[in-house]
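Chains here go by letter, A, B, C and D, matching the order in which they are written, and residues are numbered from 1 within each.
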Amino acid sequence: MNIDILLFPILLPLIFAVMGLFLKSKKLINYWAVLGSAAVLYCAYVLFGIKQASLVLPWLGHGIDFDLKLYGFNAAILLWVNIFTFLVVLYSTIKMETSTRIKEYYLYVFLTVMFANGSVLADNFVLFLFFWGGLLITLYMLIMLGNLNSYKTALKSLILLGLCDFCLLLGVVLLWKISGSLKISAISLEAQGLAMISFLLIMIGAIGKAGAMPFHNWIPDAAIDAPVTVMAFLPASLEKLLGIYLLTRISLDVFHFQMNSPVSIVLMTVGAITIVFAVMMALIQKDFKRLLSYHAVSQVGYMILGIGTGTPLGIVGGIFHMLNHAIYKTGLFLSSGSVELAAGTTEMKKLGGLMKSMPVTGLCFSVCALSISGVWPFNGFVSKEMIFHGSYETGYLIFTIAAWVGAIFTFASFLKAGHSIFFGAKSTEIPEVKENSWPVLVPMIILSAFCILFGVYSILPLKLFILPALSGHPEVLAELTFTHNLSLLNPIALISMGCLVIAFGLHYLGVKKGQGKAYLASEPVHNLPIIKTIYNLAENRVFDFYEQGVKLIKLLSKVIYYTVDRPIDFVYERVVTVTGRIVIFILRVLHNGRFANYLSWSLAGLMALGYVMGTLIKKAG
Amino acid sequence: MVILFIILPLIIAGLLPLLGKVSKKVLPDFLANAVFALLLGYSFNFAWNASAGKTILSQVNLAGIPLGITLRLDALSLLMLFTIALVSLGVGIFSVNYINQEKYSSKPIYYSLLLLTVAGMNGIVLSNDLFGIYVFLEIAAIASYALAAYGLGKEELEGSFKYLMLSVVATSFILLGISMIFALTGTVELNGIASVLAYSKAIKIKYLIGICSALFIMGFGLKSAIVPFHSWMPDAYSKAPATLPAMSSGIMVKAAGLYVLIRLFYNVFGITPAVQTVLMYLGVISIVVGALLALGQNNLQRLLAYSSISQIGYMVVGFAIGTPLGFIGALFHMFNHGIFKSLLFLNSGSIENATGTRELDELGGLAKKMPVTAGTNIVASLATAGVPPLNGFWSKLIIIIALVQAKFYIFALIGILASVVTLWYFLIIQRRAFFGKLNETWKDVKEAPFWMSLSSIMLALICIILGIAFPWFIRLWIEPAANVLVAGIIR
Amino acid sequence: MSELAYICFVAVAVLVFIGLYCLMTMKNLIKLLIGAEIVAKGVSLALITAGVEKNNIMLAQSLAITFIVVEVALVAVALAIVIGIYKRKKSLDIRNLNNLRG
Amino acid sequence: MNIYILVALILFSVMAVFLRDLLKSAICLAVASIFLAVMFFRMGATYAGVFEVSVVAGLITVLFITVIALTNDDAKVPENKWPIIIFPVALAIFIIFDIWFMNKFIILPSKALPLLAQGEKFGDVLWGQRTFDLLGQIGVIFAGVFGVFAFFRRKTDE
C-alpha cells in the first residue's frame, strides 16, 4: 500500500512511541528517542521543502474526512514543532536521566508530537479537534510525571484547557451550522453576528492553549510541579506555536478580519491585559522557573496584541514573535533546567555568581534574556518593534503604551534574575557547581544562535516562515516593505530604547534599596501602596478564577447535596431498591432448577406465541 | 471453495483423536488453532465480493460430478463466518493452557468437539436448505452438550442434561415447522420456499405460516436463549469449562438461533408486523429479565449467562425494528457481543484456573495478582455496559437511535435503563473479584499463563480498536450484511 | 390434503403430545429419554407425511433417514450423560437434579 | 387399515411411557417403532422404514436396554400417581382440540392416495440432492462418537 508522505509526521511518532515501550535499557530508550525525534524532524524538513500537498481519506462520513493539507505556513510550523521536539529530547537525555518513569515520559512526548503534527496538518475541524483533544491528555499525563503535588496542577490544567477546548468545540459546531462545511480551508466568512460569536469561541480555544489570561493559572504552578523539560516542551514552545497557529488561521483565512473591528478590539484588550498583569506578577517572583512561566504568559499577550491589530505589520509581528518567543523561552527554560541540574535549586535567593562556573549556560541565558527584553539586535527586538508599530497604526495608543510598560518590566525582571543568579556575589548556600555535559548545552547554544541570527538577518525567517501565512492575501503582502520602519532611528524605536533605560534605572534603584541583594530588586515596585494590596490578593489567588470557581462549586455542591440529592436518595433507597429487590427475589425463586418447570415455560411460551400470532394475523386480515 | 469452511474443521475433527495417539498436546493445539486461523484468513477472501453485495450460490463438484450441495454465501453469512472464526480462534488459543487443568485432560477429544461446533455453525450459516440448517445445528449442539459436561462433575452433568432435554424439545418443534413448510411448499430449499410462498396469498396459508413462525421462534428462540426459553443457559454455563460458554454465548447462540431467525423471517417468509411485534416484546422482556437476574448472582459464569440473555435481547429488538439502522445496530452488537462476552467468560476461566473457584464471595483483590485478566475484564465489562468509546457503546447507541427513529420511545428508555443496570452489575464484579481487599487465600495466585493472556489481550484489543475504528468496520462488514436483510425475500 | 395425510398429521400431534406429557410429568431420566424418543417418532412421521402430501416421498425419506441418524447420536450422548449422573448420584430421579438454581 | 396401525403406534407409545418396568417400556418403544416402520412402508417410504426398523427399533433399543441394565439395581424412581390418572382425559381433550384445530385451518379435499413417486430412484435423490445431509450425518456421527468418548474417557489419560 502506498502511504502518503503527509501521514509520516503522524505515524512516525506513533510508531516510535509504541516501539519505545518494548525497550528495556534506559540508555537504549534515550538513543531511541533521539533517533525518533530526528527522524520526525527530517520528515518535517522534507515536507517543508515540498510546501504544497494534500491528502483526503474517507473517515466518519458526513463531511468528516481524514483531511490533511500542507501549505507554506503550516509547513513552517510543522518544522519548528519538530525542531523544538528534537532539542528538548536531546536535552532530556541528561535532564530526565534520574527519572524512574523515563519510558512513560518519552511515550507521552512522542504522542504529543503526533497530536501536534496532526493538528497542524489537519484540514478538517473534527480531525483537528481530535488531535487537539489528544494534546490535552498528553499534557495532563506529562504534568503528572512531576513531583507529588503535580496531580493537582495536572487536574487544574486539564479543567482549564478542557474549558477552552469545550469553547472551541462549541465554536466549531456553530461554524459548521453557519458555513455548512467542516473543511478548514474551504470556509471563508465575515466575522459578523453569529460568525463573530463562533470566532470568539474558537479564539478562546486558541489563546487558552497559548496560555493567555485568564486561562494561564496552571502554567506557574506547573513550573514548580512539572519537570522543567515538560515546561520547555509544552507551555514554552509547542502550545504557543499551536495556539497562535490556530489564532492566525482563523483570523486570516477562516474569518475576514478587519482592523479596528469589535473582534480586533477584544483581541487587543486581552493581549494588553495579559502583557501587563502577567509581567507584573513575573516581576516579583523569587523563583527562576516561576518567573519564566509568568513571562511565558506575558509574551503571549504580545502575540495576541500583534495579531489583534489587524494591520499587516502587527500580524506579521505577532507571528514572528510567536516563533521568537518559542525559541528564547525554550532556551530560558532549558537554562533554568541546567541551573537546577547543577545547583539543585532555582530559587534566586540561594543562587548567585554562577557565571564563572557555568559560562555557557550563563551566556545562553544572557542572549535569550536580552532577546525577550527586546534589546537590539536580538530577534525579540525586531518582532516587538513590529508589534509596537502595528498597534500604533490602529490609533489606539493605549495598547502601545501597555506594550511599552510590559517591555519595561520584562527587562527589569530579567535584569533581576540575571543579576541574582549569574552575576553578583557568589552564593554560599549551594555547593560548588560544574558546567553540564554537551547534550544539555547544545540545545541552548542552538537556540541562542537562532536568537542572534534572526535578530540580525530578520528578513530570513520572515521570508521563510512567516510570510507564507499571508499567502492568501496579496494585498497585504504588497503593503509590507521591511525597510522603512525597522531602522533604529524612528520615534517608536527610540521610545522602546527609553523603556529599557527606565528598566535599568528601576533595577539599579531596587538593588540599592535592597542592600545590594539582586533578588530583592523588585521590592520597591512590590511595596508601592495600592499595588502591594493587589499583589497580596494575587498571591493569595483571589484573582485565580479556577481556585475561586472550585470554592464556589464546593459551596454549590453542598447546597445541592442537602436540597436535591438527599430527597432523591431517599426515594431511591426506599422505593426503587426495595421494589427491585422483590422483583429479583421472585425471579430467582422461579428459577428453581427443575426441568419440568423450565419445560413448561417454554411450552407455555409457545402456546402464547401461537395465540398472539393468530390474533395479530386476524387483525391484519 | 466455500465448502472448505465446513469440510476443513470436520476432517481435522475426525483426524485429531487418531493423531492424538502420536502427540497428546502440541499437535492438537497447533492443528486446531491453525484451522481457526485459516478459516479467519479465508473469510477475508470473500470480503470484497460480499461487500459489493454479491451473493455466491456455489454448487459443489467432486471430480466434475455435481453434488447435491448448494451453499449460500452472502454478506450476512460472511459476517457470521468471520465472527465465528474470530471468536473460535480466541477460544482455541485460550484452550492451549486452559485444558491442561487436571479435571479436563484429553486434548484431542476436546479440540475435536470444538472443531465440530465450528463446523456445525459454519454449516448453519452457509446452508441454503432448511433441513441442512437443522442437521448442522444438531452437530454443533451435540458437541456442545459434551463440552458442557467436559469436567464430568455432578453439576456439570446436571446442567448438560437440562440443556440437552430442552434443546431436544426445541429441535423437535423446529422439525415440525420444517415438515409443515415442506408439506406446504414441497421443498426445503430457502429459495424454493421463498418463491413458492411469495405467490401464496390465501389467508389459511398465512395462518399456517403464522404457526410455523411460532414454532420457529420457540425453537430457535430456545437456542438463542430468549426469555421465556432461556432457562437452560444459566444452568449449562454455571459449571462448564469456561471455553464452552465463551463459544456458545459468543457465537453459537447467534449462529444457531438469531441468524436463522432473521434469515427466515426477513429473507424467506417475508417479515410481517405480527412477527415484528412478537420479537420486539420478547426482546424487551429478555433485556429486563436478564439484567435483573444478573444483579443477584454469585457465580460469575451464571451472572454472565444472564447478562448474555439481556444482551441478546438488544439484538432481537434491533432486528425486530426492521429499519436499516436497526439491522446495522443489531448486527454490530452481535459481532461485538461475540467478542466481549467470550472475553468475559474466558476471564472467568482465567480466574478459575488460578484460584479454583468462580464464586464471587470467595474472590477479592485479584487485580494486583492478575493485572492482565483484570485489565481485559474491565475493558470487556465497560464494552458490555456500553461505555464510550468502546465498541459496545456504538452498537447499543445505534440500536437505541433506531428505536427512537421508529418511535419506540419507551423501549428506548428501557434499553438505556437496562444498560445502566448492566454497568451496575459489572461494577459489582469488578469490586468483588478484582478490587477490594485481597482475600488471604489468594496470596500466591499467579497471572494466567501466556496463551490464556494472549487470547484475552487479543480480544480486548479488538474491543478498543473497534471503539475507534467502528466506521470502517461497519462499512466493510456490517452494512453489506444489513443490506442483505433490507433487500428482503431472496430469489 | 389427502385423507391419509390428515390422519397422519393427527397422529403426529398425538405422538408429540404424549412425548411432551412424558417429559413434563415423569421423574425417571430414562423415561424422559423415552418421551423424547416418542416426540422424535412423531417428527419423523410428520416428515414422511409431508412427502406423501407433496408426492415427493424420495426426498422425504432421505430427510427422515438423516433425522434417524441424528436421533441415534443424540440418544447415545444423552444416555452417556445419564450414566454419568448415575455414577455420581446413584439415582436417576430428575427431582435430585436441582442443584443449579436462582 | 392405516388408522389401525396408527392407533397401535400410539397405544404402544403410551405403554412405553406409563409402564413401571423400564425394560418393558423400552421394548414397547421398539414395537411402536416397528409399527411406525410399517406405516412408512405403506406410504411408500421403504428405505426410511428399513432404517426405522434397524436403527430405531434395533440400535436405540439396544442402547436403552444396556443403560437400563447398567443402572437398574438400586435406581427405582418413585413416579407420581396423578399424571397416569388424568392422562386419558388429557389425551381425549387434546385429540378433540387437535381435530377441531386442523379442520379449522386445513382444507381437506377428497383425494385418493397419491401414486408412489415415479421415475426417481432413492439413491439418486439421496446422493444427487441431499449430499449436504450426508456431510451433516458424518458430522453428527463424529459428534456423537466423540461426545460419548468424552464421557467415558479415562481421567488419567495424561
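The rule is short, and it goes like this: contacts are C-beta pairs under 8 Å (C-beta built on N, C-alpha and C of every residue); 3 or more make two chains touch, one makes a residue touch a chain.
These numbers come from a predicted model, not from an experiment.
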Chain C and chain B - chains in contact with each: A, D
Chain pair, C-D or A-B, that carries the greater number of C-beta contacts: C-D
Between chain D and chain C, distance of the C-alpha-averaged centres to the nearest whole Å: 6
Chain A and chain B: spacing of chain centres that average the CA atoms, whole Å: 49
Chain centre separation (chain B, chain D; CA means) in Å: 31
Inter-centroid spacing, chain D versus chain A (mean Cα positions, whole Å): 80
Residues within chain A bordering two or more other chains: 588, 591, 593, 595, 599, 603
Multi-chain contact sites of chain C, meaning residues that touch two or more partners: 19-20, 23-25, 32, 49, 51, 53, 55-56, 59-60, 63, 66, 70, 73-74, 77, 81-82, 84, 97, 99-100, 102
Residues within chain D bordering two or more other chains: 106-107, 129-130, 133, 136-137, 140, 143-144, 147-148, 151
Each pair of chains that touches, named by its two labels: A-B, A-C, B-C, B-D, C-D
Touching residues on chain C, where the partner in the complex is chain A: 20, 23-25, 32, 94-95, 97-102
Residues of chain B defined as touching chain C within the complex: 131, 135, 138, 142, 145-146, 149, 152-155, 157-162, 164-165, 168-169, 172, 175-176, 178-180, 182-183, 185-186, 188, 234-235, 238-239, 296-297, 302
Of chain B, residues touching chain D in the complex: 6-7, 10, 13-14, 17, 24, 60, 67-70, 103, 105-106, 109-110, 112-113, 116, 119-120, 123, 127, 129, 131-132, 135-136, 138-139, 142-143, 145-147, 149-150, 152, 204, 207-208, 211
Contacting residues of chain A [partner chain B, same complex]: 59-61, 580, 583-585, 587-588, 591, 593, 595, 597-599, 601-606, 609-610, 612-614, 616-617, 620-621
Interface residues, chain B side, partner chain A - complex: 161-162, 165-166, 169-170, 173, 203, 206-207, 210-211, 213-215, 217-218, 221-222, 228-229, 231-232, 234-235, 272-275, 277-278, 289, 292-293, 295-296, 471
